[in-house]
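Look for chain A in each of the two complexes below; its partner is chain B in the first and chain C in the second.
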Partner chain A sequence: MTVASGVRARLRRPIAALVPVASALVVGFGVCGLIALWVGLSPSVMFDQLIRGAVEGPQFFETVARAVPLVGMTLAAAIPLRAGIVNLGADGQLALGGCAAAIVALYLPAPDGMRLAMALGAGMFVGAAYAALAAAGEIYAGVPLLLSTWLLTYPAKGLCGYLVRTPLRDPTTAWPSTARIAVGARLGHLLPGTPVNQGFLLIGVVAIAVIFIDRRTSVGFELRLRGLNERFARYGGVALHRQTLGVMVASGAIAGLVGAIMVLGSQFRYTDGALTAPQYSWSGTLAALLAGGEPLGSVIAAVLFAALQTGGFAMERSVEIPRVLTMVLQSIVILFLAMRGAIWKRS
Partner chain B sequence: MTFAFFNATFFDQAVLGITPILLAALAGTLSERVGLFNIALEGQMLVGAFAAIAGSHFGGTLQAGVLAAITAGALFSGLLAVGSALLRGNDIVIGISLNLLAAGLTSFLLRTLFGVSGTYSDSAMSGLPRLTVPGVASLPLVGPALGHQNALVYLSWGLVAIIAVFLTRTPWGLRLRGIGEQPAAAVALGANATVYRFLVTLIGGALCGLAGLQLSLGSLTLFSENMTAGRGWIAVAAVMLGRARPLYVAAACVLFGLSDALGLRLQGEGLPNQLTDSAPYIVTLAALVIAGLRQRRFAGPVS
Partner chain C sequence: MAYLEMIDIVKRYPGVLANDHVELTVERGEIHAVMGENGAGKSTLMSILYGLQTPDEGYIRFKGSTVVLKSPLDAIAHGIGMVHQAFKLFESLTVWENVVYRREPRRGLFIDGARARAQVAELARRHGLPIDPRARVANLAVGVRQRLEILKALYRDAQVLILDEPTAVLTPAEVGTLFTVMKSLAAAGCTILLVTHKLNEVMAVSDRITVLRNGRVAERLVTADTTPDAIVRAMTGQHVTLQRPKQPREPGAPKLEARGLIVEQHGRRVVDDVSLTVCGGEIVGIAGVAGNGQSELIEALMGLTPIERGMVLIEGKDVTHGAVAAHRAAGVSYIAEDRARTASAATASATDNLAMGFHRAPPLARRGLLQPRAMRAWARGLIERFDIKIASTDTPVGTLSGGNLQKVVTARELAHDAAVLIAEQPTRGVDVGAIAFIHGELLKERERGHGILLVSAELSEILALADRILVMYEGRIVAEFARAAADEATLGLYMAGGSR
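Right, the complex of A and B next:
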């Protein structure tokens, strides 16, 4: 094989993979345009506002700030997807992680920097432990992760909701939330004058680590192997149970870290429902599915979806189209791809 | 306290809690038997719940609401039918995206058609009327729960029997099960797998539409965003626990309905509702774990 043909072959594969994605995006935008027409709005004005609202001027930094938690939640979804496992419980892991981080940042008697580090660690640990619970359910009792992860989100959200309503409640606020975290235990700004905080660096490191592990290590190879053919992976000596546990721990730790970053970097307190309201786990799952769990593609899809969400806010403000339409758009894109059989073959 | 703890209201709440889960679980049972893993029950239910309210709001009558719920549930499941039965896409990915699409679409339409976010309620709208079964309704304790419910509650129990008989005692039921167990053999014997899968998915969608109808018009007349609150997933768990046999699935639904009512009852005793609301999910998970462990013990360790 000549060098040139080798390069062409290497290029052809990702381009061929992008064709269905591009057509799905066209279908998604098309359907949303039709919905806009149906409720009596101009699609061109709507998309104009959507795109400007995502990238124009200071909005660009809003998109970057939104991309930080969304990339994190996308990676939390992508790692299990790579092995053909679905973690639908990221919302519960996110809420518990954020709540644990808030508790440590508020009440741990330690110097500021140490408290911040411990709070981030606590978020990751609690998220990972909760996800490990679901993994144990599948390994020891055969309860499918698809089901257990989803069902476990409700008790997690309920527990956090209870904690901030009763024992941890800050009576000076109208919302059920904890007290405000001291400045010293917060993640600082990364770019002054923008909403981007140091969480950007943390998630950046996580993203690079996940991409590296996926591409360059045996752990990543075994993960991809299982995603392609689980029986072959088992035959090839992959310890499937241990891998399930590892995948869920990694996924839960990242979701918990995102919760900690949101609490320590932008909200400065844990408020009931505030972490799950932006539906990052929803967008994250869809972004990861869009890329079939491939980490770099997932990150790119997450940034795209973050731009859509930011644009959605601007669209809602200026032309009064509910921003939840961007969620509809994301679901339609994935639905179209899945119906075409472009995401996962049937097992 | 113990005497009054399980009062007539408790059993009434339990039956109300069982009905939507049971209807969705019957849809899941049929899907499972024809060899499709239907995890879009939640989304189909949510679409049905919204359509019921929209139908009776714009149609002006309860009948319009009922019709809208069934039609919308079936139409929405059509996406699963086309993607999974016809095009043979991955049913899990389609199911996940359908659930998210349902949540997004109903929230969007709630804002555009009704101009509200969160919850839309209309007390002037008529819900499903309660019918009294003479004799049964006057039984002590469980009388109102069993003998004074809406038509949908009775229909759901009738459907358990009908589907059980259909699956085991009719040629169509046999073919349906054959396609689920050995598609190649069933096709060789002349059964059209695609047609069966397609119809089962659409009928399942209609059943989920009815489940949604029970949620939004069954006792109160309101729709709130994500009001299904995981009931579709509990139904999936019930299908698993009952191994897709209608009577066992129904029994699992009764367990979950009772835990739902128990949560409400404990809330009445003063426990915080953020904790008691978790009762049905924890009971479901516990049931799955116990059933799984028992199965392991009989079958020996896996791999």
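Right, the complex of A and C next:
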């Protein structure tokens, strides 16, 4: 064993890990190009519009603005996934977090800045507490997290829907929603003239913290090794129950924070269904899956998905190519990555 | 021309040459032992013969013509059968159903059960393999299940029978029965390939021996003209002392105690009122045929399975209902039986595997932050001390041979320097050189005054190491001996559920 071979091995691994992702992307773009040809569209026009729509001029900031919640929801999915746990309830945690943030921002008798901070905190706390409920269900009653997180989504959405329909309803709006949050309790613009708000910084800090914890701390070590072999982690003395709880609390807090950021930063009220309609939690789960739960890779995948989605919208507007093609692209990429495992195992 | 020839077989795996121009020649009706350390290539060679792997180079000649075996179905069609170490049986079905599966005698659309049962009974009688065709597999003892596996192969007209480590799960008495069956099958013209690493068995039952080392044929021996020492030399390329002298030692204070342990699984008492004490400076061996509650007992002692009743004390501290973390904190380390699934993470690097359990405290972590440099240095230190053959500290341990992986696990657990060491099958499937090394390390632990609980299916291992021997049968401890008072025959009797 030499130093050189060790260094080479360490360099080789991340590069080797990127090869299947890159080839899946190539195949995905290729298939979408063929579909375009088949229906009589020009693939070059399509991809040109898609890429321009994602990064050209003001569209770049649209992508950044979309990436903020998407990266957040990706991290909410990636943290449990790293340990081999699936949190399918991020939508519920997101809605509750957003709703709680709206309530605090609207009704807490406190100075503006304080109200904003408390609203963000409330969003995180409620999201975390709701996720912890699912974790407790698994730890104390043996209800599988996969099931409980998913099913708990419906009561969460239902509760928020009831609140904005009945006690908190703003009668001046057509759609059930709360009143508008005062300017002082909103997240300000980060770059004037763009849709990017201060939520960018919050999610940025969270992303860096998650990546750091994953790579450099004992907590991250235990999480990663559980993901690689849960029996081994248990045998080695990792307190799995406590870890499950911690993972779900972190995941739920981030989902709740995303809800709070969406409410306080761009929508300024909690509107029934508005937080979950863009399906950030699904895109986030896919992005996290794409990177196998590794946080940096997940963040990169999330940004890529955000670009594809804004590009897709722009493409639809400008050349009337349905943006569902971008969803096809995402799906093919994921399917190819999933297939890779099987192909490699066989050879 | 020989009956069965494997000619110039080459099989490459990424980074490993598993079979390097191997030649195997077997005559009709002989019992031919294939020996070698772990990673020597014997499993690969047998997988090729059974059609589970295809060779990169070389070919197989059987009864004078070249055969191509793309799958076990091809092998079976040519009359080559295999009994794996882990049996492949439908537990919920009966003996005859397992035997005739996919070759059922039919009457119209239906299986002709009566004819099938008669055929199975006749086959069993002819080959001296007593078995009840109507018995459910789930209710059969391990030795009988093995008989059933052999019957399955014979029903498919196997003329060549590959037995992979067939005695690993048997009591001494069952081993004797198996050898009788093997000899009578051979006398009837059936050719048997015996894959094993047990010297005494090879000496007792085989006609000829092919020894593999590092993927090549190291030696071809005629059993009658060779000695165990010569075989070991061929396997390892060096001379290894198998037994080492052991100083008598006064046991110290109790380190590990179990009182009246009861563990229930699926409504069955798998550990039934077990009490035991392991003192400092003593090795307590648990003998028993696999599946008599040893694994469950160890899991209960480690906090891996819930305890119905009873108590576990480590250095006087009650850890009965704690999780593994509590046990380890109280001072126990544990070499788990299943090194690949439990005691390591195959896709994780050696650094990560060796750091597990040390990753929260200095020097590997400071204030919760990992120290990558210290982690690698720690791994390098253990790799050197235990002479683990590995490309680098970043290499995933799943790529290691069984013996090297066992060394990784042993290295990590011994590094804890804990008051109690539970060693479960610490040398299963490990090569002779590594066995001697691991035994030496266990004895050093004993010299340090630690208490060691050793579970092993190998009586020779227990007899070589233990100061005190407990025999487990059907979840209970049925006998206890001081080492001096124990011998293989007596232990074997209790292991089989007998008594004096």
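The criterion applied here is as follows: the second predicted complex is superposed on the first by the 326 of 347 C-alpha atoms of A that agree within 3 Å, B and C clash if a C-alpha of one lies under 4 Å from a C-alpha of the other, contacts with A are read in each partner's own complex, and residues count from 1 in each chain.
Methods note: contacts are C-beta pairs under 8 Å (C-beta built on N, C-alpha and C of every residue); 3 or more make two chains touch, one makes a residue touch a chain.
Keep in mind that this is a model prediction, so the values were computed, not measured.
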item	value
Which of chain B and chain C A:225 touches, first, second, both or neither	second
Which of chain B and chain C A:106 touches, first, second, both or neither	neither
Chain B or chain C, by number of chain A residues touched	B
Which of chain B and chain C A:324 touches, first, second, both or neither	first
Chain B versus chain C as contact partner of A:217, first or second or both or neither	second
Which of chain B and chain C A:234 touches, first, second, both or neither	both
Chain B versus chain C as contact partner of A:339, first or second or both or neither	first
Touching partner for A:46 - first (chain B), second (chain C), both, neither	neither
Touching both chain C and chain B, counted on chain A across the two superposed complexes	234, 240
List of chain A residues in touch with chain C within their complex	1, 5-6, 9-10, 13, 216-222, 224-225, 228-229, 231-241
For the chain C and chain A complex, residues of the former touching the latter	302, 304, 323-325, 327-329, 334, 336, 341-348, 352, 355-357, 359-360, 365, 368-370, 372, 380, 383, 390-395
Complex contact set, residues of chain A against chain B	35, 39, 86, 88, 137, 140-144, 146-148, 150-152, 154-155, 158-159, 161-162, 165-166, 234, 240, 282, 285-286, 289, 322, 324-325, 327-328, 330-332, 334-335, 338-341, 343-347
Of chain B, residues touching chain A in the complex	39, 79, 82-83, 87-94, 96-98, 100-101, 103-105, 107-108, 111-112, 117, 229-230, 233-234, 236-237, 240, 272, 274-275, 277-278, 281-282, 284-285, 288-293, 295-296, 302-303
